[in-house]
Each structure stands twice: as structure tokens, then as C-alpha cells.
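Two complexes are shown next, each including subunit A; its partner changes from subunit B in the first to subunit C in the second.
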Partner chain A sequence: MAVTSNWCRCTSCHAGYGWKDKNFDFSEEKIDCLVCHDTTGTYKKFPTDCGYPPLKDKLFAGKKLFKAVNLSYVAQHVGHTTRESCGKCHFYSGGGDGVKRGDIDSTLIAPSKEIDVHMDAKGLNFTCSTCHTTVAHEIDGRHYDSPAPGRRELAFPRYEGHRVRCESCHGVRPHKPSKKLFDWRLVKLNDHTDRVACQTCHIPLYARGKPTNIYWDWSTAGRHKDGKPIVKKGPFGRPEYHTKKGTLKWGKNLVPVYFWYNGTYSYVLPGERVEKREPVVIIRPNGSAEDPEARIFPFKPHFGKQPYDPVNKLLIVPKLFGPKGSGAFWAEFDWKKSAAAGMAAAGLPFSGQVDFIETVYYHALSHMVAPKDKALKCEACHIRQGGRLANISGVYLPGRDRLVELDKIGQALCLIALLFVSVHGLARIIISLKRK
Partner chain B sequence: MKQKLYLYSRFERLWHWAQAILIIFLLLTGFEIHGSLELFGYEKAYLWHVYAGVALVVLTAFAIFWHLTTGAWRHYWPVKEKIPQICYYYAVGIFRGEPHPFEKRPDQKLNPLQRLAYLLLKLILYPLQFITAFLLVSYQWWPQLGIKTTFQKVAYYHTAGAFAFLFFLIIHAYLSTTGRPWYSHLRGIILGWEEVGC
Partner chain C sequence: MRLWFLSFFLVLFLITPCKADFVRGQNAGAQIASPKYFAPPPLTADHSKFEELKKDFKSPEEVTRACLKCHNKAGEQLKKSLHFTWTWKGKDGRLLGKAHVINNY
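So, the complex of A and B:
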């Protein structure tokens, strides 16, 4: 249980950016984690019915527990993991069901095939660890290895059982004709896999289960009405405004954005100067067309507005949770005090000024693989304008790309020919009519 | 004096029209792949383009065989005579009702300008389109085949070839109406028999 408090993914709840790997010093972040738990504790939707006792923040205040965090401990304690046991943390990352990632939420406890072909409760019924195999108690993923371990090929035992790539089970040319001997269409689909990630075609939309948070504006947080905090429900039954959180926007069935991605991210680290060029990309996928490991991958962009120190040009790590007098935002609702306390705890300078800055995080999407007939159609990408890959550079994408000059010359010549024959023909018609 | 001549054998007519249909279809689907048109949907356009392309290659292989075995390739052998006269005819003579300077005969059914145009078509445009097409469909195997170029470049040449085909098609289709009466050439290539002379 205690472990939970450290794993709460505070990073999205506040400017606890740069939580990059296990070497990150968690002790600095402990207060933020408590914050997270308070949120979940007060969050009415948090399901307490899965045999999970209600979270009590005070229980987690012990420092030792925070330091003890490691995934092998988790893995051992969840035993043979179920989707719920991983989901206790992962479904609620960001402080609520599906808030943070658009592809992992509580619908995955027992999804239909429509939602997730692999975890389909009546079908394949995979648990998280069917794909996230644990080798020496380290769960496969980018947490222990960046990029995730394993190669993009069938996972034979000699690869130590890493199975976290789609290719681990399906291979690099997964589309095979079932009836015919040869199907050029499937050959073509396979030809894409060297550039286009499986997820790109097979996760056509995200947040297909629960709504996900797409915009989080901290700058408006702290408003009260008649001295009482405000919680205003918006569409999807999710808060549109929350005194503790600010203005929130939600979305369902959203179209991802696409980037080249080689399995690693670049992060804005705590204390890293950021110019006010908005939005500041706090988590940016790495990769380019030249990188043989990179694929065109789908992402959920998570926009927000975060406190920022315009003088030192630093993102502010605010102190959110704490008793009155500690500067905690959720006790005093004063950004300056909260920033001073938070930055001091993080060992970072603070100028005394608080501004707000637009930010964005990108989260790679790998779950909620839709049934095969929902896979992207060719036109989604191969289209002159407004295609899903409109911003992807480095490849020649037929239908989108062309040599404009060549088109112009070709069209001009053909038009001239057409004009010429029309005039010629017209003259012939007129002359022959006159002759009659 | 008018004369009815059997100019185009059954194979030639079949070949001509199959080729015409395939090329028009390749143009339509090709320019849909290119992003200029929306007709069949991208997937169908792409697949049908490749199927039609393969069909055209097979047809062309048969035609080459036929031309070599029957000696009909000689019709395409370029000749110099009368080219200026023919140009003059299309620019001026045709409007004055003058006769075509070239008289079709079963042993020389193509006029010198046609010979030149079709020869260019067969020696340059077809190979260009077929070679680039082969490269486009085989690009996954370039490393094994030792081919070093970019998909983009090949696609550009293929597109350029497509424009050249379209250009040819416009002129060619128009010139087919310049017989007397206007449909006489067309009738020839459909039925085989054409009335020549005036």
C-alpha cells in the first residue's frame, strides 16, 4: 500500500517534471505524492470497490516508505498480477480515472473487444504482464530501460522473454493472408512497419474508455465562492472547474498526434531554464526519419498552464499539500507562498514572481488496440491536406507529397495541349459548317 | 477515289483498345494515388493501379512478341520523308480541305509523324514508366538488389511519365478525329477497315 504513494505519478499533477527514471530522487518529491493521494482520496469517482481500502494520506507520511520504492517490490506484492493490481496506480495516474494517459483507464479491468482486443475479458483476456513480462522482477517498459527492452521482432526465449513490443508476438510482417496465398494489400501494410508503428494504425482513437484530461489550467485555481471551494461539473461528468486544480478540459474518442519516436523522451528537468516560447514541451518524444529505431507513433498531447518564474525562467515546483502556514497551495491558495515553499524544498531559486506558462506533455499510446477492422484507412494518411501525418517530415508520403514544380509543368503542358486541340477542332468545325 | 483497306488486324485492335483502357485507368488511379483526384478511395486506387499496371506489362510483352514475330515492328521504323508536309497539313492544309500528304497503305499504315511519336512512346515513355513502376513496387528489396536511389526520386520520374502519357493521350485522341469524315480513323481502329483516299 505504502508503495502506492510514491508511484502516484505526481508528475502530471504539478510541475514535478523530469521524473525520468528510477534514479530520480524521490525524497524531494514526497510531499507532492501526498498531494496526489489527497486528490485521489477526495476524488469521488475513485473506485474503492475493488478490495482496495480507502487511501488515507497520513498513513503515507513516513519517509522511509517513500525511499523503499521499487517495482520488484510491487511486483512481488501484487503476486500474479491482475489488471486491477497494476491499474490501481496506472488507471488513476494524474489523479483520476484515465486523467493522464488516454489509453489506460479503469475500463481495462474488463474491457470489450471493441475497447481492447488483447485485454478483452471474453476473449484473449491478457493481463498487463502478458505483454509487460517481468524479468528478474523488472517490469518491461521504459521505466527500467529507455527505450523499452526487447527488439522489434518475435520474442523467442533467447531474447530473455521480453515481450513488450507488438512485434514480440506478431513479428515485423504481421499481416498474413488467411485464405489466399498472396495478398498485395497485406504485403503493402507490412511494408509500412519499418516506418509506421503498429500503434499508429491500430490505435485510431484514444480515450475510448473513459474521458481523459486534455487541458489543465492551474492559473485559475484557488477561486472560492462565498468562502467555499468550487467544483463545477462539465461534460462527461468531470469537473470543468475545481478550486484546487483550476480549469480542466476533457475529451473522449480523440485523434492522436504523431511524431517520430525511438522509445525515448526528452524531459525538461527541474531547474532547467525554459524560454517563454509556448507551449513549453515538457515531455518530448525523441526520434527522426534518419533514426532507424524510430517509428511514426501516436501520442496524446496533454496541454496545461503551469506556474512559471519569469525572472529565473524556471518552471515552478509548487508546494500543494500541507497544513496552513506551510505555504501549501491547497491550504492557503497563494501561488507565491506555495512557489516559495516548493522551490525551496526542491533546492531551486525563486524570484518571488509567479507567471503562468502554457505547457504540453506527450504520452505515447500503446493500449486499447482496436479491432482490426477499425485500423486506420489509407486515406487517413495518404491525403493531400489535413491528413493525420500532415506534420511528419522525412518520408515521401504518396498522396500528400509531390514535386509542386513538376505538377505545375505537367498540368500546364497538358492544359496547353487541351487548349490547342480545342482551338484546332473548333476551327475545323466552323470551317466545315461554313463550307456547307 | 476511295478505297477500303484492312489496316488493323484483330490482335492489333485488341491490343490498341486494351492498352487505351488500361492507360486511362492507370492515369485515373495513378492521379488518385498522387492526391489529385478522389474516385475509388485510396486503397482501391492503389491496388487496382498495380493490377492494371501488371496487366499492361503483360499486354506489352505479348505485343512485343507479336510485333517481332509478324515483322510488324517495321511500321515504327522512322522515316524522314514528308514530315514538314504533314506539319504544314495540320497547321494549314486541313482547314483548306487539302488532302493528307501521306497515303495509308497496308504496308505503311503509320505516317512518318506517327512513327516518330509511337517510337518515342515505346522506346522512352513505356520503359520509363515500367522501370520506375518496378522500382516502386520493389522498394523493400532495393538493398538486396543493390539499388541506391530514393523512393521520392523514383516517384517523381513516374509522375513525370504519367504527365507525358496524359499529354500524349490528349493529342492522340484529338488526332484520331482528323480523318475524313472525322470518324474514319476511329472506325479503322475499331473495325479494322478504313476508307482511305478522297
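So, the complex of A and C:
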């Protein structure tokens, strides 16, 4: 949904303290140094305290204990960021382990080589910042409408450039024979890198660690049984119905979808008119075959059904989190009140009507690179029907595409050649026999 | 003689792609990757020795002030960072970033 009107819940993952409304004071002393630089693993922010850590032992949702943080101890043990410190927020985006991303979750704290060849705790043991190169607190990565910095080429030695791309270390012709001097199949693979991203073949499946959420229907949220909220566990031990959230579907080891992608996204923002042509793509990767920067890239699609104002044709910013009387959906379970409170906080009009609209959000998959023997084989895409790139347009994909006329001309030429060779050969045999 | 000449060029043609890969240092990842090379550099300070950090901090903001006393450029750097602002000015002037976008989770 949106941060606006839900600040204290959402900003529990903000690298700051006390963002509780739109008037947050972005001054230096509100910066949270410890959340990234803690090396003790004892610094955890409380999920509903606007970014503050608990200074006394505290229960979250009446169940989960958050121990008081010893600020002095943590402050004396600061250091480089770790997979754990980044993961405190990034592994749990979407409200739980692996929920949103599908390519990062808590298994990356100490992953096996099967899960991630680079972070393999017993092997290369990369941290997040090994690739997300950081200088003066500026962390490399894709940012909304800007692709990750650096060019698609080798970036060595270390500070000659950003090093966040696969090509930064592997170059643009990465496949090299390990034993033989020459392997034509690898040369052919290297010819793919201008149009196919590394991730496409090397992340053959996503959600390989924890299950990820693939469908979220908010329209069914709010049901109670005997006045009590319902949480019905489904496959993978994740809820398939949750009173606060609605109907949910989960998946593991999923096949991505593929699009042309130039490293940027288009967003539908709250306040921008949306026609109800379902499903509406609210977060879409940009790119096409004609775009020289675009390559074919894997994505996790996330399907949802979310509140929509059918009169103003706006996506609704709902107020979910808050006390009773604030209009918060998780306290009063009334979408109209929730929409009124949320849209007012966002400074947007609300007609008083709540409908639901199907939406899709695509996430680029770049993490959890599988071992090379798990990479996709040629026939995953170069196949007449049912290939992974069946929906990719703008390129001629051998094996998938064909021009029947051209095939016929080729076959005819082969036959003619065979005929001529036969006649010629026969003639020579006859002549040589005659000479004797 | 001509056959030798031809086959020499044929071999050269065949090995060129992989030779070129090597010369350009392609796949440096595989060539130099080792846990040692990619380990974060060792710290040059033991923070448990600093008097400023041996206090009984009453609030996390106090810790931040203590950090910024020595790391006196970190505050300015962080204030500009996406991790703190949650705001990204789009190329078309629209405000993006976590504080402004909407999703379906």
C-alpha cells in the first residue's frame, strides 16, 4: 500500500527515528546509524515505534518479544554492514520473511552455494555491499527511474567504477572454457549478453529460500468469526486468509516472467487517474527490443486486488495502521473510514465510494544466483512452443520463430544441391570407369 | 604448402575468441574471486575503546550525536541518501521513492 498515513508501522524500517507523520524533522540527529552498522545482532527496531528501538522489553502484537536494546553495547560494537544488518529490513519487506521480493529472504544470512553462489557462507561469502558498492554512504543500486550506476563492463580495480552489475566482475563475454582451449558453445553463449541479461539464465527459479507472496486480495479483508479475527494457515505455513490482510497466495521455486528491461521502472502514483482496465500495472519495467539499453530480464509478478475510488478513478491510499477512532482498517475494519483517513493524509480527494481493482507489480530478480549447472539450457527458450520467452516480442528467436516460406526455400535448395552432387558424382564415376 | 598455410589461419581464427577473452581480462570474477579478496577491509578503530561511547545512552539520538562527533561528514551524506529521505526526484519531476509510491502489498 503506501507509507502515508501508516508512518509508524512503515517507518520502523526507516534509517531514522520518529517519522510519525508528514512533518518529520529530517535533521542529522534523527539518523539511525546503528541499524546498518550494528555488528552484534542485538539492535532491532520495534515494528510499530516509528523507527525507534525498544528501550524496555516490549511485546509486539501481544506475542513476539522485542528485548530492550543496550545502546551503549551496540554503539561500542559498530562496524561494516553485514548480510544480517541489511537483511533486518530488506529480507522482511512486505511484512514478513521473503514476502515481497522473492529473491531475498532470511536464508541469505548464511546461504548455501545452491541458494546463492556469491553469498555462499562457506565459499565466496559476499556481503550485500560487496556488489552494492558504497562510497560516502551512497549505495549503488537501481533507483526508481534511474538504472544502477556504472556501465556494463569490467570495473576493476575496485574504485575505478561502481561494481553493482554482473558485468562489473564477469565482463560482457563471461563464459570461458575451464579445461579446453576453445568451446564453440560458450562463444555462442557469449553472443547472447547484449540482449539477454545474465539474470535471465542464471536465476532459473525464484523464491528458492522462503516462500514468497504472489497474490494479495485486500477486498476480502475484515472478516471475523464469532467476533474474532481469522488467521487460516495454508501451504508453506503462511496464511491463506488473514483478517487484516485478506486472501493470500504463496509460492516457492517459481518460474519468472520475462520482459525487455532497461533498468528503469514506470510507476502509477497515488493521485494519478487510473482507468479500470484490469489488471492495472502499477509498477512496470521499461524497455523494448528497439531500446539499445534494454535486455530480456526475469521478473516476479505480484498480483493484487486493492482499494480504488471508482468516481475519482484513483488508487486509494488506505490508512491501515493506527488506534481505534483514527479510521485505521486494522482497528475498525471499515474500508470507507480507512480510505477517508488515508486520502485526507495524502491530500487527495475521496468520493466516499470504495471499489477494488486488480493490479500487478513487477519485481526485477537479481539475487540468489544459482550454481552454473542449474542455469537455463538452450531449449528453455529456443523451443517452438511453451518456451520461457514465448511472450518476448521484437526479436527473431531461432527455434521459437520461423518463416515457413524461408524454410521451404532452404529445403528446396538442399534438395537441388543433393541432386547436383549426385549427378556430378555419378558422372565422374561413369567417366572414370570408361577411362579404364 | 598451401594447405599448411590455410590450416594455420584456420587455427588462429578458431582460438581468437577465447584468446581475446583472456587478454581483455574477461571474467575477472572467476579469475580473482576468492573469499579473501572480497572480505570487507579490517576496521581501523576499536569502538569499544572510545570514551564517548562508554556512556549510558538515554535515547538513540544521543548515540547518533556521539557518532557524528567524529564522523562529522556522515550526517550530511546520510541526509541526502535514499535510505533516509525515502524520496527520489524523478526525471519528469514527479516525486518517487518509498514515501510517495503505492503498491499492492
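We take it that the second predicted complex is superposed on the first by the 316 of 436 C-alpha atoms of A that agree within 3 Å, B and C clash if a C-alpha of one lies under 4 Å from a C-alpha of the other, contacts with A are read in each partner's own complex, and residues count from 1 in each chain.
Criterion: a residue touches a chain if its C-beta (ideal position, glycine included) is under 8 Å from a C-beta of that chain, and two chains touch if they have at least 3 such contacts.
All figures in this text were calculated on a predicted structure; none of them were measured in a lab.
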Which superposed partner A:Gly410 touches (first subunit B, second subunit C, both, neither): first
Which of subunit B and subunit C A:Cys378 touches, first, second, both or neither: first
Touching partner for A:Phe321 - first (subunit B), second (subunit C), both, neither: neither
When both partners are placed on the shared chain, which of subunit B and subunit C touches more of subunit A: C
First (subunit B), second (subunit C), both or neither touched by A:Gly399: first
Which of subunit B and subunit C A:Phe350 touches, first, second, both or neither: neither
Partner chain(s) touched by A:Trp330 [first = subunit B, second = subunit C, both, neither]: neither
Subunit B versus subunit C as contact partner of A:Thr359, first or second or both or neither: second
Subunit A positions touched by subunit B in one structure and by subunit C in the second: none
Subunit B residues touching subunit A - in the complex, by the definition given at the top: 33-36, 41-43, 46-47, 50, 90, 94-95, 97, 139-140, 150-152, 155-156, 159-160, 162-163, 166-167, 170-171, 174, 177-178
Partner subunit A, residues of subunit C touching it in the complex: 14-15, 17-18, 20-22, 24-30, 32-35, 38-40, 43, 47-48, 50, 53-57, 59-68, 73-86, 88, 90-92, 94-105
For the subunit A and subunit C complex, residues of the former touching the latter: 1-4, 10, 14-17, 26, 28-34, 36, 52-53, 55, 71-72, 74-80, 94-95, 99-100, 123-127, 129-130, 136-139, 143-146, 154, 156, 169-177, 181-183, 186-187, 190, 213, 216, 218, 267-270, 282-283, 302-306, 315, 317, 359-361
Sites on subunit A touched by subunit B in the complex: 184-185, 188, 191, 377-379, 382-384, 396, 398-403, 406-407, 409-411, 413-414, 417-418, 421, 424-425, 427-428, 431, 435
